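Structure first, then comments.
We call the chains A, B, C and D, going by the order they appear; numbering starts again at 1 in every chain.
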């Protein structure tokens, strides 16, 4: 993990700590604003993904958490600039009606003014908080910063879906220059297993459901050196993988039929050119499928069916973590400037792209670790509460903020979800 | 009917005809633009009503009809400014996916530029069309102008619903000064009935389903001199009208239960002040219920239940038309500057507000008149095609363009619909 | 109308009246029992049609009305054999949960014992009712007999649907011997129209919504001499009638798409034999389509689309009634022993099959007649209450009890309904 | 495990093996027939549970598997008595339409004749199978016997639900005499954990997903000596457990709201008598709640919320298995004659009722064990295929056949399921 992780600053003391927290806060807030810079007010209003929200709502909701979890508890004289926002932009679970896409007011301009109001108030608090309350303030700010960064990824996922639903297929932004990929490497990482420890160590900051550290027994296994590529997934499609019932779990088969799946989300077959005429939609617009890129936007069901077809299986999260813990190469995360998985920086010995590029589905359902105790606090900061009917993902994607991806990071999604930049890494019994 | 009706200009000939058509065209287009002037780009994107569309879509769709029904057939050198718009803004029935609210692009600015492009091209065509094609051009422009004016009403209905869904309850515009209402008059208009003729006479312009003229037998009857008021409807509510099954048709009862109706749309009980604490949402924001105003935003089911409770019935459309044909007083229509039904200009002898203020539900299902033949032409100009499971309404509302409301005007809505400014006028057997 | 109509007996007085009512009661009750004789207890439990009920429920529900509307009000000492049945078998609208198909108890044997109990009690009442209460008793019995007879038709419709849903396609009963049909006659009945009277005359017994008698103006018209045949409807199918949007009302088009309609209900294409390989399911099992039979089990939407394709239209109900009033030929009704429309007894001058064989869709929505006043009484006896979103049918089908079909009979169904034996008779402007 | 387990007979050889298999086959088939003996043909047709099937279908479907998996592959001259049954009674996944409840034919009598036909043919095969094919025949018969026994439990669950939906609340059978319960014991079983082995040992017969045997690390823990009682669960209800959002996972909270849960399935509050007026529906009809009985018919969500409220947690399945492996006391299973969980045979040292009475929810999602390989074979014999969105249950219920409940038995249900006899056993970290 990088040494700039949010709350490690809590280890030092003095005015630099205030400055460091202020910087971290400002960077997160600026990044959010930068991400929406290419978008019109109309783009900020649109919402197409079933559980999505408009970008405008993300802009306001992230401010909301600073208001309720930082300013109202810790800044005695703080006055909300508009009290109605407290209700309008609360977490969805508490505020089911109306859906955020029904709110044309407050306008984007008002929401941006509200962000400025919050920014000034939080910076003032960081600067002025009494020493005796500093730890609590710093923890609250850090939590709300983490919340905002997590919403950066979601906001990009939602806007990507909306742009793709538009027949004009507008690009979010022009493509960056990408250096030529190295030669793609194949192969496996062999591990002997045994009784190991996994889970986030206590002093490392992160989410509650990533701990506690605990022992797990692993039999010998192999983990693929890189994620499954688009070209490999295309072979699955050509082999009628979507039509062979024996490859699918029954829930997956039913879902694939009901949804009419015949390829990953954002794939389109438009002709018979290179790569069989397949094109894919990215934040840079439509472009020809690159067989060397990691496949992404696949559901757990598709990942599982692919693995079965390939004669392998998905990894257990403990298997993944044991490999990641020894690995210091990171892939492509938010902030690197590439908002699509890269064909690979496969220079040197694997494993490659363990963190970044694509979230990797595992064989584990998302349940609390042994010894887990649910902390107090608002839902936004607590993950264990949502723990059922979801599968664990590991590694982070190209849209995941840098400090939200590490060996211990546990993400979880419904097995039918394809909205995130989700991919596949194979495993085998040793 | 007023002598300024769209196609009556077709009776004269010469350059004044071109000027008159150009004026009519420009007035309709400007009115649309004026109506959206108070709205932000976000407001133009929002859509909440189940079958509604964003105002932005109305802006573009009305241009679309000029493009496909006027410019492409009659302006040989015409070049669409963006060919994709032809598909994006086509009538919904032909273009089910994606819903208009999913289209953040083209932006409002692009849509307004497109309107300018169309305006210039249509004015050029009106000015330059060869004499031999003039009648066809004038008919097409007239039809598309009528289409645009009809969308003005819908657009206001949709934006009203969206603003009401917003907990901030923003007003569309500040309220106008309204002169004090005259004394409300009660009573009935008595008619002897007999064998009468109804339906739009051939030379009068209008929609196909308003004709042909045909004979109908009427028994003696009475028609109320004015629409049912909010105060009267409140008596129905106080008498448990919404809970007495015997007052309702079974489909209406089921709908009222499923939707949780206990008052007209846009009514809210917020306290115990005047008029029982009821407030209503209008385009001018929330305001206390005025017992003298016509009740509006009621479904056919509620109108029918009210009439049964009141010991009366809804009128047949022929009964209504026979009264309206002799009546020269108009009520409050779009253009008068009052965008809510008025408590009444009840000065002089009734009947009052036959045209304007509220659409009035009748006892008739919407079916073609005897002798009706469906014309050729695009769906936008043809109404008979939609003729089932709808009830007829007469008279026009405060949001209906002036020349879209007359004795022959037939509107039709599903009996459960409450989105339009719909009210009640009672009738009785003579 | 036949001179045996239920309440005409009310014109005479004396012990014969008791005997006549007793006979009428017994005949109706026996007919119901005869109709279920071919069915197993399992058949009596099955329910497949969306708004259908098991035959078992019809058996019990018809008894229920005698209990609540005849015995409890008029037989002071009457003791229900099982009080819970009063709730279990009440009209569905009052008793939504659980659906009748969820009730395996009471068993069929218990329900038949209950019928016997009711039969004995009603016969006792008919025999013993005091003179002063006789008219009220006779009216109540007559109404409940009419109710039972109406349920005979529904019960057969529901069991037909259930047998058809069964892949074994069992026949309800073996086919009867049918005499060879006469030569099919074509042509039209010409009528001059004018101001006519329609509606059930007051002294004639029948349902409330069939009156009052009132005047209607008709323009000259023609009514087809016979219903549309299967062969003619097959031409519509071959001409791609189900795929040509311009032939359909928009609601009909959407329904046909959503339901996947490409032929009438109960039609199946199983090969390429006679009549294009089409076979149809009847109460006698599957059999080859007979091109000369009236087409049946079509929705209003299909009837309307067929008429448009054929260059004609559906008749107004007043047009139909004016022809039927002069017509003394009846077709095939329940009791004749043919439980499927016949190819026609087209001997002699038309019109043919005005009553019987198929219910004929009209152009009219089902609304109350002018001057209609809703009577008091239980829902079972009152029809006006259900009057919306339904189209009027006339004439009765091969499953309609003999005395439930006459020139004034008004039936009504949702336009999408195909469960009844519904057909098409064309009309044209004169 | 009892020494009479199905395929342990495969260890010996000779004519006794044929006799033993024949006996096992006959006992399973007779038990099914005995279970439906109290039911009328109507009861055998009814189906109310959302994923349920009528008892009649269970009777036929169990025969079907003997036909397709035993007789057709192994009895060359075998002739199906009715080939259409092969399709009609196939597993639901392969045969979605029509639902079994729509099939009134074949009748119960035909299905029972079909069972006799199958019985004779299977017994003939067992008697005559060549030595070289014996092992395959015995394996197929054993699998199909296991399948039939599993359906016995489901059939009882479905009929229980149907009887409960009936307002008459009929009992399935009269209650048996139950010996007085011993004193209820509380307390915990303490375990040290460590690296243990779980999973069905290879030679023991059972389902594929119960193996392979593999190592698991367990921290020290405590397992409750007995299941949670109705009285304890009533305390949770009284403490507003169903209304306290913080006790529930979000999916559970949403489900409980949507379904209106305020008590376990089959609980009804009818007054204020003993146990707060609560009564519960059992296969013996309605009866007062017994606070000492294990609570049953709770979903995983309710079990999890209860555990959180009680300050404990659900056990991991490995924790459960480690205790059960050392435990030789069985509870109340199908065949003991008690078809409802008993207040307990809590004589002697715990743990009590580990097998039988109630299925016990665990904290584990149902996923394949490490090293699992999906076997070939029909879906009926393979469980791994259905492995997602389900939670693991252990122990068997009072409706589970005796040889389907042991330390290794893994059952799995959706977390919202309440149809099975599911209960709660608490655990705690050590």
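We take it that a contact is a pair of C-beta atoms (placed from the backbone, for glycine too) under 8 Å apart; a residue touches a chain by one contact, two chains touch by 3 or more.
Quick caveat: nothing in here was measured; it's all calculated off a predicted structure.
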Contacting chain C as well as chain D are chains none
Neighbours of chain D that also touch chain A are none
Of all chains, the one whose CA centroid lies most distant from that of chain A is C
In whole angstrom, the CA-centroid distance of chain B from chain D equals 62
Distance in whole angstrom between the CA centres of chain B and chain C is 40
Rounded to the nearest Å, the gap separating the Cα centres of chain A and chain B is 48
Chain pairs satisfying touch are A-B, A-D, B-C, C-D
In their shared complex, chain C is touched by residues of chain D numbered 40-46, 48, 56, 84, 87-88, 98, 101-108, 162-163, 165-168, 170
The residues of chain B that touch chain C in their complex are 93, 195, 214-219, 249-252, 300, 316, 363-365, 367-368, 370-371, 385-389, 415, 429
